[in-house]
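Alright, structures below, take your time with them.
Two complexes, one shared chain (subunit A), two partners (subunit B, subunit C).
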Partner chain A sequence: MGIGHNTIAFHQDKCDGCGDCMTVCAEAKSGTTDTQHSRLKIVPSVAANDSFELAMCRQCGDPKCVLNCPSGSLTKDHETGVVPWDQEKCVDCLLCTVGCAYGGITYNAAAGHVMKCDMCDGDPACVKSCPTGALEYNKSAEIYNNYGELEDLFVPGLAACQGCNSELLIRHTMRKIGSNVVVATPPGCIAGMGTVGFNGKTGSKIPVFHPLLTNTASMLAGAKRYYNRIGRDVTMVALAGDGGTVDAGFQSLSGAAERGEQMLYICVDNEGYMNTGMQRSGSTSFGSWTSTTPVGETLRGKTQDAKNMPVIMMMHNCEYVATASLAFMDDYYEKLDKATAAAERGLAYLHVYSPCPTGWRIPPESTNEVCRKAVETNFATLWEFTPDEGLRFTRPVDNPLPVEQYLNLSGKYRHLDDEQLTHIQNSVKRKVAFLNGFMLATSGSEAQMQ
Partner chain B sequence: MLKQSRPRFDQATIPNDLCPIGTELITMLPGDWRSERPVVDRDKCVKCATCWLLCPVQCIVEMAAWFDISYDSCKGCGICATECPHNAIAMIIETEG
Partner chain C sequence: MPDTALTNEPNSIVCDGNEAAAWAVSLAKPDMVAVYPITPQSSLVEYVSQFIADGKIDADLMDVEGEHSVMSVLHGACLAGARTYTATCGPGLYYMFEPYVRTPGMRLPIVMSVVTRDGLTPQSVWGGQQDAMMLRETGWIQIYCESVQEVLDSLIMAFRIAEHRDVMLPVNICHDGNYLSYGVTKVILPEQEMVDDFLGEKDTNWHVALDPDRPMSVDPLTGGEGPGGPSTFVRYRKSHCAGMQNALRVITETHDEWERMFGRSYAPLVEEYRLDDADYAIITIGSMSGAGKDAVDVAREQGEKVGLIRIKTFRPFPMAALTSALAKVKAIGVVDRSVSFAWNCGPVYQEIQAVLYQLEERLPAISFIGGLAGADITGEHFARVIESTGKQLAGEMTEGPVWLNENE
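After this line comes the complex of A and B, so read on.
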């Protein structure tokens, strides 16, 4: 138990059938560019025109090819997850190809034997060659293998909405950081879903308290100073929403950042006061429908741009500032590591873009898709900043998708007209240009000063 | 599972003139919220753990050759079914089948 396996995912909507993956596979495995030696096949779809299907070994959990193999040349390696094929033992009976429903193991007439994918020892050549990103090396299992055994520090019964991104965030975050913490959850969904408890019971297995909307950072600062005085090493963590960070909690956070108080402050930005009925906040994006920026004959959603909170925190010269999106969980886990370490020296600030299925009018099952599209369109950029090393993009997007592809997923943007769309696209470009300029100005700040 | 939380303290040590709060965990389970339930096709699952990674309730449990769902706490959001790279999870309406 405790073992997952990385897998190669195929995104049919992105595949243009160029066949580069097949050429590269044949080259890597047989030293020829003849695609009949390729262990994966891209074939035109029979179901729809202009789309393609992938035939490739999936390294099944309970592989039928292995069951069918009479000679023991196919086995399931439960350590690596790969189903290796041993040519020495193979009797060329082809029963394996009959067992496989995915076209994953096929007869190569030119070579005179069957062939199948071996995942290139965890570094698949096909994925690297794919120009459109249709083939993706999905490494979710790495996180599972490292952290899946650790106890979830919240009870299963939190009353967050279906598909809630904040619930996902707090469970992963606290499991990773551990229980030697004091957690502050100011008014907002995270407290409201029951982490601080109700009816005398609690939803957390760790020390948690409920500050006011305005004083989260100052209460944590005081608690940390007390622990420092009695000589106990405890990490202070704030799990706050954008209202408690960008609006009402701003002065205490700004003060704590300026004083360099030791804490990890995580802002879960769902662009509004979603817990109290979806009112606008300083972080609500331009054009969004909220209950206080309604859509009617005169008003077409919010008329101002969102406050760029991560940049404001960067200007405080905090020990560590980063943005994250849970569609890129490996990126988030790395940033959590750095942020937790930085919280021992001063204030670390994480800004997580967190779509809200209820308040944004999105179906609960698409929450992660919205997270992903926000990054792929550059609506949300993923970067990190330290005073010494300056700003660095952790997942630069070279060819961003048009921002409509992100906006179209949420009902709160349903009413947008062309003028508003142009405004949003331009402000996305401006924000990225600003960050790029800032990155050039600060990259290797330490080195530039020499 | 590796326990991370510390043992809960002995409630008998609380003085009679104090009214403690937060000494017990919430026992509510949201499994009855669902209108649709995710069902894993064991043959299709390759144990890539994507469902576990993205499940907001963290109700995915590992079995020997596949990942399964704990229906006690699954809220039925459907993220696992949408994100599964091998389409191994289907959402079934609770009142049917």
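After this line comes the complex of A and C, so read on.
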């Protein structure tokens, strides 16, 4: 099996053209601040005013530069993923520059030969220098490399709806955590897709059970306490929906958090009781159509905001609380690591935004786009909290897109009027303002106490 | 018979029923006790908590946020292999109901005291068996005690009954709020080593477990119309009913073994008191039985040929034992401490109707309802019960239900 490689991603919307990346690259690679020697170029966009394009080597999997190179100076290193350039073998024919469609390898007149990015051995200087976050070192490939060959702990053919990423989530999650677990999947989509199985047959290779909708955290707490008593180290994992978490299951979860019961509780939030016919939950967002907040002559969807569950769990002073979105898998994986470790000390809570193609009326292929737009509009914010470190945004979005760009992707918001849109945009701003305030108040909580 | 309460026995203490239950818990050595306080059970969980604090009980104490979680943490612990115990009553029981009704279906041998309390509403914090009677069709084993000593002994026996492989069902030991929970008497404590021998090693999750060493799916969706669905579901129900029927034998054997080891004898299912030469009988359940027996003694001195039938095991329903007892008499009166609203009688009376159908001759019967919400059922009340019951022999019928405390 091949391996994946990390990449440098460019967020055009964040780039202000300052050129710091070029200066730093030139310095790192050629010992000069003359940006002529930079191996990446930021250039004004020809397509739009006031925006910029990045010219840089993509380290292609099937690189045309290598194909064109007659001297063997350019090769593809399948271990690192980098396309290295060997000056000793180069005959300066420049055929490589003809092959590249990205301006990733160009002739440097001052140096007298071509130059290209070598990814700085996995620690790119340009990314660290970027003041706006327009350049990002994307490590998603590590997920594939590290976990791709681990055993999938669920059966093939779970019956999730097309485009649902809950199945993606649970397969990744349990693959990473491993089999020394007890897994609770309360009534909801994750149980409904067959993880616990039917009529005496199981859907998992691990101990898995249906708790009641109401007692997931309590059942796990009881099992964990007994394993502690007999000296066995077993990890407790809840894969619950928002209904079983923020509504009927809330009391048992709150009690478990207060008592510091050791478990990893993952709430997969699709904003409603989607498994049973798309009814409203306490986590359904304002304005949403659901089968119990329908749209008609007098009703225009849900009239209340969603309960802000991750913040509520943060206020329980859990060992670890974080939000996540599967459009940002590397972010999720880092949080999953921390949460799994924290679950041995107390309650760790992960809140994963999980659009429901069926219930939200979105095309199955758009799920990740909806996930991404939720974050880019700040409708869903990605952050983490520990009692010692306070709150920290893991992917801050300083210039969010208008929330319509997220809402327009889902049929459940199709009926929204201007007043409702304004309400949602304002509540997004309020939520972010609250989190910012909380972040300032708690950042380095440990340090502040000194 | 000497008044042993005044003798200095090393193993005897003076305590109420709630403390006796706590001593039983200490002797039965559960791994986990989950508690949430509710009147009149509260002092029981306080005793248990103190015993754990003092090291008298080596168990994990889970003082959780409500009865719903009490039963839920015990589910988790039991599925991981623990021996478990709790106690509740009244509104706490109603709040626990969702995980409570799930317990026997998973065949979890959890033992729970019900310190009986009258139902809502009107609001009431006093004794009455409305709460326990509401549990009749939940599939738990249900045993009612008469005395504080019986509370202690039955609670220990409950673990052996629950964990018996032919049974594997949760057990409720019911002791009446106020009368047994707070009634103080002398109690003999069994020796720990003998209790250890009596109960043996715990055996709670051989059949269903949440254990990475034995990965399995616990309680997958079962039934529906698909292939094998109906038959699988039926198999669960049939085996549950079979376990209940097995329990009649196991409860009897367990009481026999208790008597052999500890010298105290109780009728395991149905107690017959002065019944063999009786013309008629009153039927009781729980702590009222003591006053009922005294009233029978008084009536006997006056020449009445009356006896008493006490139901100890109510679930499973001891049909054979009751049929045999009722076959000895010509008229009955049934005293309930709760109400069957739909049948306009007491629930024990209602179920006795099914026993009457087994008899060759139809027996006249009266439903008496008394002792609701902490009201007393005194010797005088029982004298009325005996009188009305006896008059049926002469054809003088009383239409029930008779509300014993109606004018107090």
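Observations, loosely collected:
In the analysis below, the second predicted complex is superposed on the first by the 317 of 450 C-alpha atoms of A that agree within 3 Å, B and C clash if a C-alpha of one lies under 4 Å from a C-alpha of the other, contacts with A are read in each partner's own complex, and residues count from 1 in each chain.
We take it that a residue touches a chain if its C-beta (ideal position, glycine included) is under 8 Å from a C-beta of that chain, and two chains touch if they have at least 3 such contacts.
As the structure is a computational prediction, the values presented were derived from the model and not from experiment.
Of the two partner chains placed by the overlay, only subunit B lies in contact with A:Arg175; subunit C stays clear of it.
In the superposed pair of complexes, A:Gly203 makes contact with subunit B and with subunit C alike. Contacts of A:Ser51 after superposition: neither subunit B nor subunit C is touched. Once chain A of one complex is fitted onto chain A of the other, the partner contacts of A:Met329 are limited to subunit B, with no touch recorded for subunit C.
Contacts of A:Leu150 after superposition on the shared chain: subunit B is touched, whereas subunit C is not. Between subunit B and subunit C, B touches the greater number of residues of subunit A.
Of the two partner chains placed by the overlay, neither subunit B nor subunit C lies in contact with A:Asn308.
Touch criterion met: A:Ser252 reaches subunit C, while subunit B stays clear of it. Contacts of A:Asn6 after superposition: subunit B is touched, whereas subunit C is not reached. Contacts of A:Met219 after superposition on the shared chain: subunit C is touched, whereas subunit B is not.
Residues 179, 196-198, 200-203, 205-206 of subunit A contact both subunit B in one complex and subunit C in the other.
Subunit C makes touch with subunit A in their complex at residues 31-32, 34, 60, 62, 64-66, 68-69, 72-82, 98-99, 102, 209-212, 214-224, 226, 228-229, 232. Interface of subunit A with subunit C (complex): residues 179-182, 191, 196-212, 214-215, 218-227, 229-230, 234, 251-252, 254-255, 258-259.
Residues of subunit A that touch subunit B in their complex: 1-7, 9-10, 58-62, 64, 81, 136, 138, 140-141, 143-145, 148-153, 155-160, 162-165, 167-168, 171, 175, 178-179, 194, 196-198, 200-203, 205-206, 326, 329, 357, 363-369. Subunit B makes touch with subunit A in their complex at residues 1-6, 21-30, 33, 42-50, 52-59, 62, 64-67, 70, 72-73, 75-79, 81-83, 85-86, 91.
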